[in-house]
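One chain, chain A, links the two complexes that follow: it is found with chain B in the first and with chain C in the second.
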Partner chain A sequence: MYLRTGLLAAGLGLAATIAAVPAGAQTPKRGGTLVYMIPADSPPSFDGHRETTFATVHAAAPFYSVLIRVPPDNPASTTEYVCDLCTEMPKPTDDGKTYTFKIRPGVKFHDGSTLTAKDVGASWQRIVFPPQGVTSARVSYYAMVDKIEVPDDNTIVFKLKFATSAFLPALADPFTWIYKKEILDKDQHWYEKNIMGSGPFKFTSYDVGQAIKGARNPDYYHKGQPYLDAIEGIFADKQAVRVDAIRADRAAMEFRGLPPSARDSLVKEAGKDVVIQESDWNCGNIITPNHKKKPFDDVRVRRALALAIDQWAGAPALSKIATVKTVGGIVFPGSPLAATKEELQKMAGYWPDIEKSRAEARRLLKEAGAEGLKFELTNRNVDQPYKFVGTWLIGEWKKIGLNVEQKVVPTGPWFQAMRGGNFDVVVDANCQSIVNPALDTGKYLPKSIYPESYGDYDDPKSAELYNKMLRESDPKAQRAAMRAYETHTLDTMAHAIITPYWFRIIPERSYVKGWKISPSHYLNQDLANIWLDK
Partner chain B sequence: MTVTLPNPAATAASPQDTLVPKRTAWAAALAFVRRQPLGTFGLVIVVVMFLAGGLAEWIAPFDPEENDFAAMMEAPSLVHWLGTDQFGRDIFSRLVFGARTALIVGFSSAVLGGVIGLVMGVASAYFGGWFDLIFQRVLDVLMAFPLIILALAVVAVFGTGVFNVIIAITIPLVPRCGRVVRASALAVREVPYVDAARALGFSHSRIVLRHMVPNVLAPFLILLSAFVGQAILAEASLSYLGLGVQEPVPAWGLMLQGGAEEYATTAPWIAVFPGLAIMLTVLGISLFGDALRDAIDPKLRDR
Partner chain C sequence: MYRYVVTRLLLAVPTLVGAAALVFVLMRLIPGDVCVIRLGAGSHGNPGAIEACRQSLGLDNPLIVQFLDFLGNYFTFDFGTSMWSGRRVAHEIGSRLPVSLQIALMATVIAVLIAIPLGTISALKENTWLDHIVRMVAIAGIATPSFWLGIMSLVLVLDITYLATGKAWMPPIDYVPFWQDPLRNLSMVLLPAITVGYRYSAVTMRMTRSAMLEVMREDYIRTARSKGLLEQIIVNRHALKNALLPVVTLIGIEFAFLIGGLVVTEQVFNLNGIGRLFVQSVQNQDNVMTQALTMLVVTVFVLTNLVVDLLYAWLDPRIRYS
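Showing the complex of A and B:
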């Protein structure tokens, strides 16, 4: 009864969002301070090129510009990219191997100096070809880049080794902030502890572990933006603190995502003062058996693990209690490269008839001599959604006679276990920013090619199928190549099991306007288009 | 050569022995009930808990680990007496099986920690000197940490799971028992029969285990009953913090954690019933322990 009421209220809240925020229907108002919660204690550093955490993005993205990005008014799009610092999106030349960008003139850094293509070039050189002693977290995304040239102050040219549809989305990565060349030339590590960009807000103060503040940049190059006078991000890693802050209107929103129970409670208590935006999330838990440990070296056992799971019944039920919702394969469900339901249902772990699926699982286990198998499921000590997913899986595996114990460890030992191969089966995660299936699916390559693939298998066929897909420029042919790679990964070899994709639930005070949810908590975080209807 | 030392207390028969008939166990139990009503209440709770844990398979109407998505977060009803949790699991069944987890962890930790502490405490008192001095300083160091903090540290080293939780709770109990038992053993060390045993050339282990340990059993048993309650509470705390027993194993602290943080307002029964179970059990063990102390300790017996 309570649940039904909560869900009904949440539904009404969602409907209210849709009704209250028709795109472009209201004229944005100027002024006000947006106070928002950042679900972390503090970012490890402010250098976006180096870091991979949302804590850095949520804290510092409003102070920086990027070359291209997802459209701020339609960040849910998985195929559209627009200019931020460039003047127009280029058409590739040289058989898709050269991209020439013209840089917007008159852009100023917050210190008053002019931003030129040299700054853009220096930043991208640092991201793609980091100098000795500099960490760039996303070097592997740009393996296709051969060289970066800056022929003049207004032009930057990317020359690729091979044409690929993965390049533009990689270029729109939200961590690729443009730094000042002069500063980088003096100290490559300056941006780890300092902030100075050309974004919609100027950095004003940072209290470690407390709050970060910014003020409107009057010289911002997107006309009329930003609408806010100031922003203040408050760090709070405890969910209860964040929910209470939004409930009491001490903060207007948070950008990562809350579980359904928090949504229902906020909607129930704050009524129409809180609205909810929801979206599938380009993140998911991957169940990875350790191929170096018996009996998981046997594909029959791995397939049995997948066949035992009723994804179609589990996903809608789990979505009521955990931040997961949509059943998908290795590609984010919103992408044109994603498998349809019919295509998924042909693979192990997605069969529509679960009884038949489990009977096959039992048969495979018997054939492999692994009936009643007992093993450990190593999981991360994070409730949402890791432990919920782990508990659900153990229940599913019990139905085919498996005896599984959940071993929950903190984040550090969890990474250690995966990297050291010290696990039977692990609940891993694949969390990406911009939807870029050609690169996102690199996670399922053998470890020798993709170091963060923790199954520890050698599979030349997998690499061959992946490379074919990556270099395919015809969308239809690329989709077919992706299916072949996916079928090989999930069905033929059962290297991994994909659990339902995460689901983003963002509550915001109803006076917050202009911000739109995207499939990633890293995207659309410069806050330039947010305004307050107060 | 075996020498039997005459026990003066045994040879000097009390005139009452011949006049007052010996009480039967039944009569003693009735006297306990009459004199210790709160202790009896505690005993009833402990017995119920034992029965629940021991006969869980026959008592629980549902598999405690089976997810039932058709019955998620159902309020208490005739089918699910105490409602269901977020995975649709029957809370009553999980409570009953949770009693087993609590008993296993509580008694294993208490007995293990108590026995190790008993032997070490008596040995420390018996040997005295440098051994006693160093041993007591080690106990001082261990006792400087609150039980739950030390248990947390041990879990951080060994990891989670039932066995590791037992180890984690056992270690902080050892010095607590060792310190109390040593105090009693110091008095026993000075009595003549220990000197006599020494004079007869008995081995240290024989003197400690056969002559000293049985004579400090009274305070030890009282301590043990307190330890069981402490261990159950520690297990619940560790599980609540996500460092004890892990899902889907039914454990009260774990049930409380899952319910209290996310569903306190929408499905309060998820947290309320395991909370009540923890409270009642610890209260029961505590009341029974107090009553046992009063019954055993001659100084308190006739108050």
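Showing the complex of A and C:
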């Protein structure tokens, strides 16, 4: 039952299920093995605290519990969080600076030992305050955390330095797996190569670069779950293999995302045996001019680059061939903090009248003495959507007389070029897991504050606007503060250009039930609510 | 003979050191490193994470120290730990080697079974319709990239099974060793072995044909015929054995190439082999793994060449090593 994408295109940021997935209407069946594809070669390690790749999450998330998470039955929500190991979501005290969580009693690790608040505390200490020699990739997410206390075996308390709406979503980050304290005390690196959690599935085997397997955890604390007897994730980085495997039912699904062409061919070839779920993706490409290189130090040139691009006409056209779709600003379009279309259209790069916009771009270039400017667009050697976006941009810039050459480089040199400031303009990316605009937009801060902001600019005003937004607890006031920060970033200073957000297309065999798409390929991956209607 | 083998093995040492130095330098010429790739996109403003990662992997050591560490490890058969996965390199390679080895062996068997009889017949029936057909098959095999043939054969299998049964079928995509489940193992590796073996057989077929043509015009063949020997004996005992000398060399080189060179075929069929690991480790800038794999392939080449040279003596009794 395949409907055209266009019918549902209006739902900005909402998960759009193309095929009917009437999971709620049916009673889940027990049993079976879910074989799914992991679109990677292998994860660098199994330590979620250390890694940032989805390969680690898709491989190992089913074996772990977290403190809180997005609702598994409504993972598309950008504002709801529910307990996994806690008993209920706490109301903050101390003017929003203290969060006290009660831990579910009777939870067992897969080795049979009891999970207590001490294990939760040790895991969060490792994430927020990693000991010497331990890498925690998301330390900066928890800059607001002052102290983590475990007063007893059932309670964990997070004390913040300042109240912020960014804390709860950060706490629901899908990489924040709960490890056993006793193991961490003996060896902080044990979890890099080993798996032992308290999640819905117990780890059974791992063939390096080939497959990872798990079996149902009969002691799982969410009653009745998981529904599956076993899971098997097969690693395959080649898209053709994954599509063929789903077509031939060697695998039931994959969780990252396919381009539109693969979706269309799969639907054509497998017909009603395959259904598709789609959603806007909390990932996007950022076009970053190097402020340390002339003439990109001139705001008029940067604005001209933005004004040349017809996002409103480009997005629907690109969405037919690339994994992009929705036009947005610095905030994920599905979030309450995101700009509306009317708000976007006031900023450079989003004007509704493209001719007027390009005339202004030409005027600015002339004024800046940069007419007919030649420069290099550094891009990553990844087809979807990097090279598609890069090629589209070059066409747009040509329309205002710019002569741009695309320099496509492998991932290593691409990072190196950005980190070393060795580029004119670069196609960067901002790919986040949980929708947490207050933290996700840190990418647009000056490099001195946020080292992965590759434009290399100093801008105290930007930091001031960001901090105001970050610490604002009133939703309306925070939204207004976000608009001010966004306008400053994209319009006033034109520090970056945001291209249409990525679009997630997930195929699954029609017998797979219960799983719902979210705005991130990192979320909702414990597979506890999946069942097979066979 | 013993002295010859030892000398050849000792002569391989400078080759191995040269290859090691080359790959060591080349890997370090690529901008970026494994830590940047692993954490670059998601360390979320935590530059300390990348620095800590570099320190833990010894990437902050001087290059000469890194090189000497690598050489020392290699010659003590300790290939170190993968910079990407943190697992022992020997374990990573060991888990992939059976797949590559099985495909290489099966492709070799397929190639030899096709190439030697057809190449011989083609030479004996020179310029007949049979010769033309064999040559056409051989040229098509050389001209067709094996990965394309792999993709096409997969599509064909999917479409044919769909048309025939209403359900598309493809070979399994997760490897099971032969001794665990022979049927599943063979249904996975047969198609890739055939696609690789076809190209391999095409090259070997042409070599067999030209070598046979040359040998069949030698004086000793004419002498054998004038003695009234049966054609079958002349071909099998006198011609083919001598014609096989260059063919054996070719088979050896091709076999060694297959151990690390099945990059695209492994990806097309999702085979977790050495070729795929090679590409991954270069992409991930896992220097330790790339160096170990290069040394493995160089070693396989050196050993295969040695075996080929020893086979010469068996094929041609005039050749003696000292």
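Here is the rule we go by: the second predicted complex is superposed on the first by the 513 of 534 C-alpha atoms of A that agree within 3 Å, B and C clash if a C-alpha of one lies under 4 Å from a C-alpha of the other, contacts with A are read in each partner's own complex, and residues count from 1 in each chain.
Convention: a residue touches a chain if its C-beta (ideal position, glycine included) is under 8 Å from a C-beta of that chain, and two chains touch if they have at least 3 such contacts.
In this text, all values refer to a predicted model and were calculated from it rather than measured experimentally.
J.: Looking at the overlay on chain A, is there a clash between chain B and chain C, or do the two fit?
T.: Fit - chain B and chain C, as placed by superposing on chain A, sit side by side.
J.: Would you sort A:A240 into first (chain B), second (chain C), both or neither based on which partner it touches?
T.: A:A240 sits against chain B and chain C alike.
J.: Looking at A:K398, would you say it contacts chain B, chain C, both, or neither? Reply first, second, both or neither.
T.: First partner only, chain B.
J.: Mind working out whether A:S261 is in touch with chain B, chain C, both or neither, as first, second, both or neither?
T.: first
J.: After the superposition on A, what does A:Q416 contact: first (chain B), second (chain C), both or neither?
T.: second
J.: A:K407 in the overlay: touching chain B, chain C, both, or neither? Say first, second, both or neither.
T.: In the superposition, A:K407 touches chain B alone.
J.: What is the contact status of A:G390 with respect to chain B (first) and chain C (second): first, second, both, or neither?
T.: The first partner, chain B, only.
J.: For the combined three-chain view, what is the angle at the C-alpha centre of chain A formed with the C-alpha centres of chain B and chain C, to the nearest 10°?
T.: Angle at the centre of chain A: 40 degrees.
J.: Of chain B and chain C, which one touches more residues of chain A?
T.: Counted on chain A, the partner with more touching residues turns out to be C.
J.: What is the minimum C-alpha distance, in Å, between chain B and chain C after the two complexes are superposed on chain A?
T.: 7
J.: Where on chain A do the contacts with chain B and the contacts with chain C coincide?
T.: 240
J.: Which positions of chain C touch chain A when the two form their complex?
T.: Residue list for chain C touching chain A: 30-33, 36-49, 52-53, 56, 84-87, 91-92, 95-96, 151, 154, 158, 161-162, 167-170, 172-175, 267-270, 272, 276-277, 280, 283-285.
J.: Would you mind writing out the residues of chain A in touch with chain C in their complex?
T.: Interface residues on the chain A side: 41-45, 51-53, 133-141, 192-193, 207-211, 232, 234-238, 240-241, 244-245, 247-251, 269-270, 410-417, 419-420, 429, 431, 439, 442, 449-452.
J.: Going by the contact rule at the top, pick out the chain A residues touching chain B in the complex.
T.: For this pair, the touching residues of chain A are 1-3, 6, 239-240, 259, 261-262, 264-265, 268, 313-314, 317, 320-321, 381, 383, 387, 390-392, 394-395, 398, 405-409.
J.: Can you list the residues on chain B that touch chain A in the complex?
T.: 65-67, 69, 72-73, 75, 86-88, 159-161, 242, 246-249, 261-263, 265-267
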